[in-house]
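What follows is a short report on a single structure.
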């Protein structure tokens, strides 16, 4: 068992020995990796959809899908996927056809591209860019472009409204999101996903894992809130609010194109969970990474992947849980929340982190910093909570 | 390496095509979409120039920020699926001549004299260097730009709000 | 190695396209987009020079960052102006906004 | 009400859009008749300024069924099943109002047991109706889970109704002069068991809705109708009680045996969606209280008065009002002494309540429409009739 990078190196060496230019193995690797990632996205999204349906069902005292496939309706998503694939492809007469067709591709491409820098396990990463986290954030922001394209090209007022809401929301929430991610980056002193995970190895006092979530709890909460908004999940799902905008930007989409939007949504959920895991929850760090009985690489690969996926899916479960418990926010509240609450908190966290890093790494200072940030957060939250809601 | 050159030609053609759609396209929203593609092509070219950090910044700010703002403004100001008959004003002919002159001059300048320069085989990681430079050598411009951003923000808010 | 002149020529072409758009487009937002194109072409040149000049201190990249910042500021103010224009004139076609002409 | 419109808005809105040169800054949006949160086939024509509502005009009549005209061509008993279809979420209350009207015309007294049964069923119906309202209101605001919770409890009420009448939605169970069938065996204990269960569920609703800060912020301060506006528009039911006016026909103009029971009339004075929510939320508990008292005091005896085969009320007219879950349900009837009403008119509460929607919506956001509309608690069956 080898790391992914060394496998690629060997392939390069072999093809170079055959006298082929380096573009050939690159293309081969790119194709294989893309196929694996897209395959994973499809399977994982189907699983997540089924999972979400089961979770929502159990939250709502019902069973959810029970028939297809026998055991708890596990094949329901596959059946739905086949149905969507076989449906007639409808492009509305008034739509801008080129943009309409392009929009789901942009959304899906952006979602897939973000998988490039996800560190699955030690050494198992497609490409460990030295600007890894920045790349992920930048690529994720492309999703909004696709959403706006979809909303506008459908030539439907509801979808245009949904697209505009989505644009406003994404632009607003991107700011605190990036700021909250800066805290771990400052502590680790790198933007590479691999090195960020490595920086979180070890334990404090021998039992508390050195995850960034503990010193950066505020940043984690800000990031998680913003990531809900980035994925258009409840309580921030106003771009696609069924009861207000029917379904928002994808109201005119059906069949395969709709399926791609749906897939991209779940792929994105996984991406934000993966970012949170990598930046705050120690990525693939966990016990048994150096299990004596197994070869080092096998233990690393298996348990690294296991811990990474467990953390990701726990976060995804929390996202689903929130969705089925909370009510939707209103547009103005949403914007106010981003600019008036999250942004100051993220800034305060950044300042405190910087101060602590410069003045010394005493644990006391960390605690003090967190206390200050929490205080600011509480004061701000109390102020916005006590403020009378806009009338008329 | 010829492969790299091929990638460059492909990206260059893509970027120029997208830019041409931005400038000459009839439909303003399609022009904005083409602008996004041209920015992405540009970012890819930055990667070819070993400027990964700037490529990411390009995507984050231009694609994720500026073009979204542009699309927002387009949707606020033009009809859904509006098709204006004329998108080019009366100065097209004169501007065309001037621009052809400009491009010829620029290409002449670009190809004569400085073509022989070739840099180091590969730049090291640029992000830490840029960060240090911005806060030491370029601290003053950095502060000036931040003041400019603040001014722009205040100005934009005042201009855009309704009474 | 791609010759530096290739990047410069590409920059020149895109810059000229931007100039053409800024001079001829009627829609104010399209003009803004053309200006963004021009700034991008300039950035490309900066970054190309930062890559190719010997003993580089990455001044080109630093400057490109400033250009991007200024572009963001310009877009924000420009779009605010366009919205203001639209509110007052009910159009964003700059050749129809000729109140100050005689 | 002075509302300035330069041009009258024709039914086909596309014409308006073409004329006014629509942009996103000011545009017309048709909400409904096919829209998931207009609760049926209501159509709202909205004039939006960005996300803000400048004007809102409800268009109704997509479900018009000539209810009143049909009523004038049937004899008095035959109208009862039609009243079921008025407010199909509160058929018992509709039956109740109608039979009470005819009985008042006749001057007919009905047996005690029948009166108690009527009150029990009407109050259970109020609970069921408010449950549907609560569920769909949560759905409108994006809380899907409360919907399932409410329907779970509503199913139990429907089971009780099915045991009594054999029907689950349109019961046609009240008769002029009493009730057609007595309560089945063990029904009283079943009903008590339901009430025990239901009263324990109310804190669950509070946990997921009332105490949820996101929900509170969504509903507080929007859709405000001043008490004066409420009175001017003749709002009734929870709508007017949310404006701080203690107006409940069960107390203000008591009918049947309501004056024998102890119950509160919940009143809120913030006049917004939140107040309407709280009023209905508390009314469910009060209704449960009434049902408990009625079950405890349920007398034995006859359930049907001696009635003539052909019901021919004396010549005259009557307006009789009852408190349906949505407000004042009035039936106006003119009798010419024959077996059919000469004139039959329904004053349906949701119809009147809905008329104030454009007052309430002005200046709200698009997202508030669903909240405000949900708080009116409309049923298109009785609005369009």
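Per-chain numbering from 1; labels A, B, C and D assigned in written order.
To be clear about the criterion, a residue touches a chain if its C-beta (ideal position, glycine included) is under 8 Å from a C-beta of that chain, and two chains touch if they have at least 3 such contacts.
Just so you know, these numbers come straight off a predicted model, no measurement behind them.
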Contact pairs, highest-scoring chain pair: B-C
By Cα-centroid distance to the whole-protein Cα centroid, the innermost chain is A
Taking each chain's centre as the mean of its CA atoms, subunit A sits from subunit C at a distance in Å of 33
With centres defined as the mean C-alpha position, give me the subunit A-subunit D separation in Å. 44
Approximately how many whole Å separate the CA-defined centres of subunit A and subunit B? 28
Could you state the distance in Å from the CA-based centre of subunit B to that of subunit D? 59
Please output the residue numbers of subunit A that touch at least 2 other chains, ranges allowed. 157, 160, 164
Tell me, which residues of subunit B touch at least two other chains? 53, 57, 65, 69, 72, 75-78, 80
At which residue positions does subunit C touch at least two other chains? 86-87
In the complex of these two chains, what residues of subunit D are touching subunit A? 24, 27, 29, 35-37, 51, 138-145, 147-149, 152, 208-209, 212-215, 217-218, 220-222, 224, 362-370
Spell out the residues on subunit C that touch subunit B in their complex, using ranges where they run on. 1-21, 23-27, 29-30, 32-34, 36-37, 40, 43-44, 47-48, 50-54, 56-58, 61-62, 64-66, 68-77, 79-84, 86-87, 92-95
Considering only the defined contacts, which subunit B positions touch subunit A in the complex? 2-3, 27, 29-30, 33, 36, 52-53, 56-57, 59-60, 63-65, 67-69, 71-72, 75, 80-81, 125, 127
Complex contacts: residues of subunit A adjacent to subunit B: 21-23, 94, 96, 98-99, 102, 129-131, 134-135, 137-139, 141-142, 144-145, 148-149, 152-153, 155, 157, 160, 163-164, 167-168, 170-171, 174, 178, 191
State the interface residues of subunit B toward subunit C in the complex, per the touch definition above. 1, 4-5, 8, 12, 15-16, 19-20, 22-24, 28, 31-32, 35, 38-39, 42, 45-46, 48-51, 53-54, 57-58, 61-62, 65-66, 69-70, 72-74, 76-78, 84, 86-92, 95-96, 98-100, 102-103, 106-107, 109-111, 114-115, 117-120, 123, 126, 129-130, 133-134, 137-138, 141, 145, 148-149, 151-153, 155-160, 162
